[in-house]
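Paired with chain B in one complex and with chain C in the other, chain A is shared by the two complexes that follow.
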Partner chain A sequence: MGKKIIIDPVTRVEGHGKVTVLLDDNHRVEDAFFHIVEFRGFERFVQGRPYWEAPVLVQRLCGICPVSHHLAAAKAIDQIAGLDPDDLSPTATKLRRLLHFGQVLQSHALHFFYLASPDLLFGLDAEAAKRNVVEVAIANKDLARKGIQIRQFGQEIIKALAGKRIHGIMAVPGGVHKTFTRQERDAFLNGEGVPSIDNIIDWMVGVLDFMKKYHETNAPWLDYFATYPSGHLGMVTQDGALELYDGPLRAIDAQGNQTLLAPATDYVDHFAELVKPWSYLKFPYLRELGEEKGWNRVGPLARINVSTYISTPLAEAERKIFRDYTGGKTNNMTMHTHWARLIEMLHCAEAIRDLLNDEAILGDDLRREGIQRSQGIGVIEAPRGTLIHHYEIDDKGMITRCNLIVSTTHNNEPMNRAVKWVAQNVLDNRFEVTEQMLNQVEIAIRAYDPCLSCATHALGKMPLYVEVQDRRGNIIQTATRS
Partner chain B sequence: MLKSKTVEEILFKPQPDREKILVIGIGNTARQDDGLGWKFLELVQALGIPLEVRQVFQLQIEDASMITAYDKVLFVDSHVTRIKGGYALEPVFPEEDGSWSTHALSPGSLLHLSGVLYEQIPEAWLLSITGYRWELGMPMTRNAKANLFEAFECVRSLI
Partner chain C sequence: MKKVTFYIDDQPCQAEDGKNFVDAAAENGISIPSLCYYPHIDPPLATCRVCTVAIGGQPRAACSLKVSEGLRVQVNTPDLIENRKAILELIFAEGNHFCPACEKSGDCDLQHLAYESGITYSRFPHTFVDRIVDFKPERLVIDHNRCILCKRCVEEFVTDSGKKVFSYHRRGGRTEVNVDYELEAEMSDKELTRAMRLCPVGAILLRGKSESRPFGDRKYDKPESQEAIPLTTPVEKPVVPAKKKVVATASLAGCFGCHMSMLDIDLGLLDLIELVSFDKSPLTDIKRFSRHVDIGLIEGGCCNSENIENLEYFREHCDILVSVGECAIWGGLPAMRNTISLEACLEEAYLHSPVTRNAQHIIPNHEDIPKILDRVYPCHEVVKIDYHIPGCPPSAQHIWKVVQNILFGTKYDVIYPEFKYD
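This part shows the complex of A and B:
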């Protein structure tokens, strides 16, 4: 008798998801799905609102990465206000970049230290009671303390620029509304009330050393677990460097062959979105390659794969080590996403230091004006990957259409592939599905740091409910985890 | 709920020159009665009560570091259950909670984490105020406001 295993909801991700694994009569895996089962419809919510409100409204999509939505919307609204990215003043652009680096740093810190570290420190088979940050603090107090302080540093950068750690306002059409004072700047340079930026950089170098040593002794499972070939998508500079704020989009296939290099604002020409009946989350793919071959991972691993160098020296040195491990080939090892995330954190810290030392961030040329247009497209690399905001307006400036493709949507097919990998390699041919086995499904999903709240626009708190059904819908096994 | 005298003796008999007290308002004014915690802070500030305040959407792990700078902490949050009298003031004790997620770190879990990470746990209290509706962008309900004022007057009388 065939049966179905459901993991509902998935824990330690932002939002609410569910996993179903279908087994045939011989307990062999037939298929596996990662469902998104909630929907709030933010794209409809902003219709009819004035376009200049969008950067404020869309922040409510998420309490974890509101700055990314704020800036992606702001870039789109700049265009509606008649300004392309190069038209903004250097002060406005650099202040926005500073805000963005602070955001990526704090979001990555939250994920690595709070959500993923139990997976890394305690391994695949850890007891459920051990898989939380308190146990991490007990096992490695120094790591936990540094994680907290690195996240706080990023949050304080956001607070200084946007007024609040969450849902602050900094960008306005054509620029920013506030500059950085010398006193605010010096606090981050000198470590007044927060660690100094030099301390943050030193700590990140130390955390990367920890990660590399950890990998040396855990390579068998880190290299193997949920590894599968895929395309990779991310933003780069015009000369191919890692870029998080503005630049063309580049995609490569699993072997490293380039499959896309195009202005980010041309996304409509290159991407289509597939709808499947069992999920509210769409499946984006490159039109040129089709839905079977055109899907891509996004996020830290993808960005390191598609870029040819990093502009800051310490992060570049770490990128080379990371790249050398695969002999310069594309890295398709899912768990290496955590390693890539740390390299990006180091890059953010170095970039923050460089911007803090740039007198332009103290300037007063904050906002420029242009001639209004009927649509705007803003693309940014959010912590979790490529984020697209697209707005159209009527002649009164009211939003008539909004399309959002968030990072977790790009990662929809990759997360499904990861779930299938675990199903086929861990659950296949097992008559009893243990809690540790189910945790491995979650570890595979968690590597993508999915924000299901953003992707479907719902919030959730998540106990774990597991149900095993036969094909007629009869429940033959249940398990609950709070 | 504790008797007022006990609360006064333990928490609200502050010695401002020696003790630092923090009031943390938890919630979101964009979600109707979920904003009770923040509104409480507004009242504290509007009346010039000498307590430090901080508003948060949820308690996060980094708050474990922040609260160690204080001798006493009062958490104020809206509550979905109908509390007799509309509010409750209770002590909070460290509590190990394996079900932690970024959306739900309880005051007890936060104290536990402070103890684990920094070997410091401030005395802490939770003021729960009953709310009734939680819709996005809607005003606070009249009954929730009444509960807020009752709860605030209770705390103010103890200072």
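This part shows the complex of A and C:
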């Protein structure tokens, strides 16, 4: 009779997950799973609601990146109100982008400083009691202070634009509902109540230096740990730059060959999802490539991989250093996701500075109107990756169908691969499994910054492939729907 | 009109003979909460009973009383205050009032009264009746989930040409507001807006035009007075912090937003960790309780068997358990599925639409994943909860003020603008 190792709950991630590792009588790993254990079902109860409620309602999917859901839904609802992204006023688009950059900055800061940093600072042998943000604050007060204030800055941008830090409201169908005042703007430029934006940029440059030094001394581990080939998916601009708010989707395989370049609104033609009995979270993949090869990582590492440059100078310089390390090739090293995340934070800070200095954000042309349409698809790069919201309404404005593919769903297969990697490379053939070894499983998961709160609402109406496996993973039955 | 003397809680008061009691009390500096009473609706509707007072121990609706010489009315006895609070809680429990997703939130009279009464949770289980949202009118959308049957639209709203558009339909517990679709189709923009504004809650919506206003601009974001509201009575005995108190946190079926809000004290976190230390929490790697815990903060309601086990585990190990945020307090938005059967939810998720013939249908079901509950339960329906902090999410200030009070007896005031269902 084999043995089962259970890690429950997975901690220092947002939401609920659990890992099981199956061992045989000889302590050999048979298989390992990352289970998503919750189900909330937003897509069902959004049905029957008026369409304009969607951006406010669905942001309750997630308390870490509510802005992403708010904006993805708003972009979809714009289309239902008859407006494509280019039809919005420059002021509205820029304010939404500013809100989004604030959000990505704070969410990445939360993940790096509050959740992931203990693993990097204290190393693989640290005791469980030591691995948390409180100990980081005690051990490295300066880093903790900066981390806290970078997140605070992002949160305050959100509060200024959306009324409050968590679950605020700014976007309405066709635009935004509030002007941004000169006084509010100046507070961020001059550092009143928060550090100034220039301060934030300086600090981010410093944090990146810290990361590069850390990598120098820890390269063998960071390059090797939970590394495996995979596809990568993310949004780009029309000319291939890193993009977070609006643009086509691009995917590449592990060698960098393009596997997808399509308007984000065509997602239905390209993606399908798989259900497995042991997780409430589905497994999306590119239809053209099939379930075996079509799954992709999303998030910071994937975005840096699929884009050809970054539009802001400091972040672009950092991207080049990052790319040079792999000789310009696709980076498949899981732990490098942290590094990529910091580069994105620097980009967000620079983009925020540019937008704050753009007079258009103080304008009062907030909202446009159009002729009602029957469906809208809003796609955005949330902090954790590509986020898709899709709504259909009847002619009275009632939502009849809603499909959400949240970022973490794309990372379901990648995280399971990472878990299997650790199981096979760290836990296999050991007579004693220590707590620190188990934490390595979580370190691999944490690199993806999974938001399991988001993930647990996904229902989906995608083409579906279901497989039934026995305990040894042999497929005994399959079913599909289109 | 001659002045008469009457008595509120045995205190003599004066007002014009025959004056409505709610107004007469207000003239004498005593505010009686009321939801359906408006001076220009005569006779008063007296439907909501929120203004319940008593004469000789018999409960009466204050709005239906007129002042007369020697009238003696009990208004602010502890029992009556509690009764009025209970009536408001019942109104919340009876409908489906998902404040965080409602256009009228912040502009809602029901919410405002609940704030003023310091209602942090409903002692009555929510009924989660499946009510319709009526999309049939040309321009209006009537959300019966939010209708509190105050009858205002029925009694007060007439078109410019004097016609009634709203009426009551059915009787007793099945009463509903009906719309005359033909008349509604002819209503002008102005009339429609007037109807929408008349509704004290968010039941009458205008298609594509009803939207929440920016935070801070909403009617009840800025109260007339900045006075503290009567929240859960603060702990009075000050405790000297001899050693660090131990805090644990749990995230059940929530969005993690309340945990984010706890972190929103920013640099205050560095001060906080001088006073408390954290045990089991998603923010630490402590997975099983390692010691005695002073206070457990719970985010999220219970949607699966694991949430229940986790909550019971917390109850066992924490001296004090606090529900933080709407989901923990009454299920929150995830409880929107409570009006739909679990079967329908799961079918929608995993089985819906044509599957190929002879196919095996699969709903995730495995020994390593917990079972989904028939509906989402608030924490206090599962274990005893000692305090409730409402909000979606509650602000960082609100959360830590309450926690510091509970742990250290630190005096606190939660001012009206900090107290929200959102």
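Operating definition for what follows: the second predicted complex is superposed on the first by the 455 of 482 C-alpha atoms of A that agree within 3 Å, B and C clash if a C-alpha of one lies under 4 Å from a C-alpha of the other, contacts with A are read in each partner's own complex, and residues count from 1 in each chain.
The definition used in the following text is that a contact is a pair of C-beta atoms (placed from the backbone, for glycine too) under 8 Å apart; a residue touches a chain by one contact, two chains touch by 3 or more.
If you're wondering where the values come from, they're calculated on a predicted model, not measured in any experiment.
J.: Report clash or fit for the pair chain B and chain C bound to chain A in the combined superposed model.
T.: After superposition on chain A, which the two structures share, chain B runs into chain C.
J.: Where does A:Ile380 make contact in the superposed view: on chain B (first), on chain C (second), on both, or on neither?
T.: neither
J.: For A:Pro66 in the superposed arrangement: first (chain B), second (chain C), both or neither?
T.: So A:Pro66 only meets chain C here.
J.: In the superposed arrangement, which partner chain does A:Ile148 touch: chain B (first), chain C (second), both, or neither?
T.: both
J.: For A:Val134 in the superposed arrangement: first (chain B), second (chain C), both or neither?
T.: Touch partners of A:Val134: chain B and chain C.
J.: Could you say whether A:Ala81 touches chain B, chain C, both of them, or neither, answering first, second, both or neither?
T.: Touch partner of A:Ala81: chain C, not chain B.
J.: Between chain B (first) and chain C (second), which does A:Leu110 come into contact with in this model arrangement: first, second, both, or neither?
T.: both
J.: Touch check for A:Leu260: first (chain B), second (chain C), both, or neither?
T.: neither
J.: Tell me which partner A:Arg44 touches in the superposition: chain B (first), chain C (second), both or neither.
T.: Once the two structures are laid over each other on A, A:Arg44 reaches chain C alone.
J.: Going by the touch definition up top, name the partner, chain B or chain C, that contacts more of chain A.
T.: Counting residues of chain A touched by each partner, the higher count goes to C.
J.: Pick from 24-32, 60-68 or 276-284: which stretch of chain C gets in the way of chain B?
T.: 276-284
J.: Quick check on my understanding: which residues of chain A belong to both its chain B contact set and its chain C contact set?
T.: Looking at chain A, the two contact sets intersect at 11-12, 14, 60, 63-64, 110, 114-115, 128-129, 131-134, 137-138, 141, 144-145, 148-149, 151-152, 155, 166, 459-461.
J.: In the complex, go through chain B and note every residue touching chain A.
T.: Against chain A, chain B makes touches at 30, 57-58, 61-62, 64-65, 96-104, 109, 112-113, 116-118, 136.
J.: Residue numbers of chain C touching chain A in their complex, please.
T.: Counting only chain C, the residues touching chain A are 100-101, 103, 133, 135-136, 141, 205, 207-208, 210-216, 251, 253-261, 263-264, 266-267, 269-270, 273, 277-278, 281-287, 290, 303-304, 306, 332-334, 336-337, 339-340, 344-346, 348-350, 352-356, 359-362, 364-366, 368-370, 372, 392-393, 395, 422.
J.: Sort out for me which residues of chain A touch chain B in the complex.
T.: 11-12, 14, 60, 63-64, 110, 114-115, 128-134, 137-138, 141, 144-145, 148-149, 151-152, 155, 166, 459-463, 482
J.: Can you tell me which positions in chain A touch chain C when the two form their complex?
T.: Residues of chain A touching chain C: 6, 8-9, 11-16, 18, 20, 33, 35-45, 48-50, 52-53, 56-57, 60-64, 66, 81, 110, 114-115, 118, 128-129, 131-134, 137-138, 141, 144-145, 148-149, 151-152, 155, 162-169, 172-173, 177-178, 275-280, 372, 394, 396-398, 439, 442, 451, 453-454, 459-461, 464, 466, 468, 477-481.
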